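Below are two complexes that have chain A in common, paired first with chain B and then with chain C.
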Partner chain A sequence: MQQITLLLTSLPDGILLGFVYGVAAMGLTLIWGVMNVINLAHGPIIALGMFGTFFLFIRLGINPYLGLVPIAIAGLLLGVVIYFTAVHRVINAPHLSSLLATFSVNMIIIGLATAALTTSPYNVDFSLGGFKLGSATILGTRLVAALIAILVTGALYLFLYRTRPGKFIRAVTNNRAAAELMGVPSTRILALSFGLGTMLAAVSGALIATFFPFNILSGGGYELKSFVIGVLGGLGNPIGALIGGLILGVLEGIIPTFMETSWVPVIEFGLFVVILLVRPKGLFGAKK
Partner chain B sequence: MPILEINDVSSGYGEVQILWGSSLALEQGKLTCLVGGNGVGKTTLLRTVMGLLRPWNGTIAFQGQNVSRMPAFTKAEMGLVMVPEGRQLFTDMSVYENLEMGASNKRATPKLKDNLERVYAMFPRLKERQAQKAGTLSGGEQQMLAVARGIMADPVVLMIDELSLGLAPVLILSLFESLKALRELGITILLVEQNVQMALAISDYGYVLAEGKVELQGPARELIRNEHVREAYLGL
Partner chain C sequence: MKSWQKHLGLVLPLLVVAGVVLWPIITDNVSARESAFTILKAIALASSLNILLGYTGYVSFGHIVFYGFGGYVGLYFVNDHGWSIWAGMLAGGIASGILAFLLGKAILRLRGAYFALATIGINEAMKAFANNFDLFGGPIGMVLNFSVYKAYGGAAEALKMTFYIMAGLTFAALLISHFVRSSKFGLGLLAIRENEDAAEVMGVIAPNAKTWAYVLSAIIPGMVGVLFFFKNGHVEPPVAFPLHSSIELLVMVMLGGQGTVLGPILGAFAYQGMRGYLVTSDFFKDIQLSVSGVVLLLIVLFIPAGAIGWLRHRIPVLRRVLA
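Our next item is the complex of A and B:
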């Protein structure tokens, strides 16, 4: 009985968080799916998104949700810059080259940010209050973050399936050479995809910062979660990533009711390995 | 003046040279074929002309302009379009989306509607299947879609690599008929084929490629009577 109460307390929180994980994962899997590059700078970019919220809110007094707009734009531009400086020249090289390239970007961001911001925790003191739902307390910030995550997913889906640049991204994902032959400037599309991927990472970080303390290293954990979600939900499919995030969130809500919270990552990554062994294409039949 | 002039082009992959100075010239509005056995460099030549491979040597001129170093998407925008070997469709996208992607270049986009009507009239089967994923089509339908996607790009010159590969004879005949229809519309066509007899039968002019070089060329109806061609390629 006590466990059920505990479950009802922690499950809603996990679910709401899961949506935000989904947005982070979309950023990773979009890049991975389109250009077969694993962006190891994903975590630090999530952390930069967190600092974006911090500086816009604490220093400039901008509402964290309004602040998402400049953070998204900055994330997009940063991604395009990273693509052309670090990724483009190794795009056709073996995987190890692009891994090293994005890992270098990862180290550069962490190094610079550690020097400028140290690694002590930052906190965005922002609250929307909360309300009781049975035995659980739902925090306003998490509820709004989850709603924004759903909106972002819907917008990304419409972008990929209803607009020309979105369809170009899907065409390049499917067959880059054929897209180029039909007149699609594939290099520009790859840069745009990378920019969108980092934009999603930055936005998820900006949302997470409204309820968790953070430093420049905090993105790492979400980067790893993004990998798990990518395997759960498949590559390059926003809805799959959202569902994957939700599954992870539910797990994080359930696990603490019958074992120590410190077991959560053990179970998550155990699941990751099992899925890779049993269904390497992902739970929902991703194509790569 | 030829509309597409390939002059002494050499290229290859890495260290391996495949083309050893090939020259071709396409006359406007004509159907030209490039035939030859497997592995003589036909596909390499097309890839080099499109810019998917860099020419090591020689020049490519399209409508009098040197396009040797231009990327493929710029050439598509100018009207030099290729239907690649093995179809290379966007298999996860619908038939309609594939056609829409065919019209991605700036010149073709405003003509999307007209060209769509044209290809649906030419291949009614594609219209029936427009909402279906391209990867679920049969081999023949996929080849139709590959050609139709090329037409959607509103080509001035359309280069088709191995149109007949892996298709039943009935289908090959009907696809070849549609090439004649395209020629009627004024599109210049370069057909690359291993099916030498059928290619020469519908073409105006032919080139025979061997070991990375043009071995023979001439009006198609003369080539088909040529002793060497009959012996080496037609098995007569």
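Our next item is the complex of A and C:
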């Protein structure tokens, strides 16, 4: 009985967090789907999103949710810059090259940010109150963040399926050579996809900053979670990522009721390796 | 080819490593010995990774897991069961080898980025496991009792001894790297790297060859782990399984040239040297990570074959000496 109460208190929180994890993973999996590149700079960009919220809210007093707009635009531009400096030349090279190229971006961002911001924790003191749902307390910030995550997913879906650049992105995902023959400007589309991926990372970071304290290294943990979610939902399948995020959130809600919280990462990464082995296309199939 | 010519490529690597070993012995300088220890450790780990990465073409992003796991097992026996450092190192090496064998049977089926992701997952899972495993001391890790060093003539003598053992391990890593490369087994690995399906058609039993390459690349890191934690006197999860060290090893191998014997040695030497310079320089010390990142990016973008690969490509005469 006590365990059920515990489950009911921790599960809603896990689910709400899961949506936000899903947005971060969507960025990773979009980039993977379009260009077969695993973006190891994902973590630091999530962290930059967190700092975006910090500076806009604490220094300039802009509402964190309004601040998402400039953060998203900055994330998009940063992604395009990263694409042309680091990724474009190695896009057809073996995986090691693109992994190391994006990792070098990771080192550059972390190095500069550590020098400028140190690694001591930052906190965005922002609260929307909360309300009781049975035995669980739902925090307003988490509920709004989950709603925004759903909105972002919907917008991404509409963009990919209803607009011309979105259709181009899907065409390049399916077959870049064929898309080029049909007149799709593939370089611009690849840069746009990378930008969208980093934009989603930055937005998820900006949302996470409203719940937890963070520093420039905090993104790493969410990057690893994004790998797990991406593999759960199928690498290259952005909508699957949201469901993968939910699964991870639910797991994080359930596991602490029957074992110590510190075992959560063991289960997460164990599951990750098992799914890679058994169903590398993910639970819901890879890119479509 | 005459049989001695086949081993010509071993000359330069041996000379370089011998130079690193002799430098602190000749100058009789303790701080030089510490620097040399770090360089030798990097050389041994990078050369081991090269067997999998350079010869077989599988990108292991979590190779440090063998260093951490072997180190934990070895230190556990030294600490809790009073084994000598020799027996502890043997246990660590064997434990890492067995882990690699079991993992290899499972994850070497994955190719490309999927394999790389799986190795990251394994490293993180192992770190989280060590954090929870009471036998290994959980999050606190294990601290060696100072009296352990008495058997080796006190702490100072034990420190000196670890340097010589490290030198021995580095030479062992070098010899393994060379003999794998010049053997028929190594030729099979190179064939897998170029085209795994074609290699299988030509009679290379790829799953077995890959697994043994993985095991060979895991044993020395396991032993180095035991030695390093023995020298440091303690081990804890973040120190044992640092993901960024795995990637530093990749950088070293890339810098020098993957798939060559000399490449990882030069790469390790250059990387540690550069890092040492950046950390101590007034101008760069705050942004040393960024500078390393820029250097890595330039290498990946413009000389992906690494220094040795580039030289071999440009000056064909050198191919015999620079193996």
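The rule is short, and it goes like this: the second predicted complex is superposed on the first by the 286 of 288 C-alpha atoms of A that agree within 3 Å, B and C clash if a C-alpha of one lies under 4 Å from a C-alpha of the other, contacts with A are read in each partner's own complex, and residues count from 1 in each chain.
Here, a contact is a pair of C-beta atoms (placed from the backbone, for glycine too) under 8 Å apart; a residue touches a chain by one contact, two chains touch by 3 or more.
The structure presented is a predicted model; accordingly, all values stated were derived computationally and were not measured.
Contacts of A:Asn175 after superposition: chain B is touched, whereas chain C is not reached. A count of residues in chain A touched by chain B and by chain C gives the higher number to C. In the superposition on chain A, A:Ala101 makes contact with chain C only, not with chain B.
Shared-chain residue A:Val273: touches chain C; no touch with chain B. When the two complexes are overlaid on their common chain A, residue A:Asn215 makes contact with neither chain B nor chain C.
In the superposition on chain A, contact of A:Ser186 is made with chain B only, not with chain C. Contacts of A:Thr9 after superposition: neither chain B nor chain C is touched. Contact residues of chain B toward chain A in the complex are 50, 52, 71-73, 76-77, 81-82, 84, 88-93, 97, 100-106, 108, 149, 153.
Against chain C, the residues of chain A that register as touching in their complex are 32, 36, 38, 85-86, 89-90, 93-97, 99-101, 103-112, 114-115, 220, 224, 227-228, 231, 260, 262-266, 269-270, 272-273, 276-277, 280.
Taken in their complex, chain C has these residues touching chain A: 53, 57, 59, 61, 106-107, 109-110, 112-114, 116-118, 120-122, 124-125, 127-129, 131-132, 139, 243, 247, 250-251, 254, 258, 286-294, 296-297, 300-301, 304. In the complex of the two chains, the chain A residues touching chain B come out as 164, 167-168, 170-171, 173-175, 177-186, 287.
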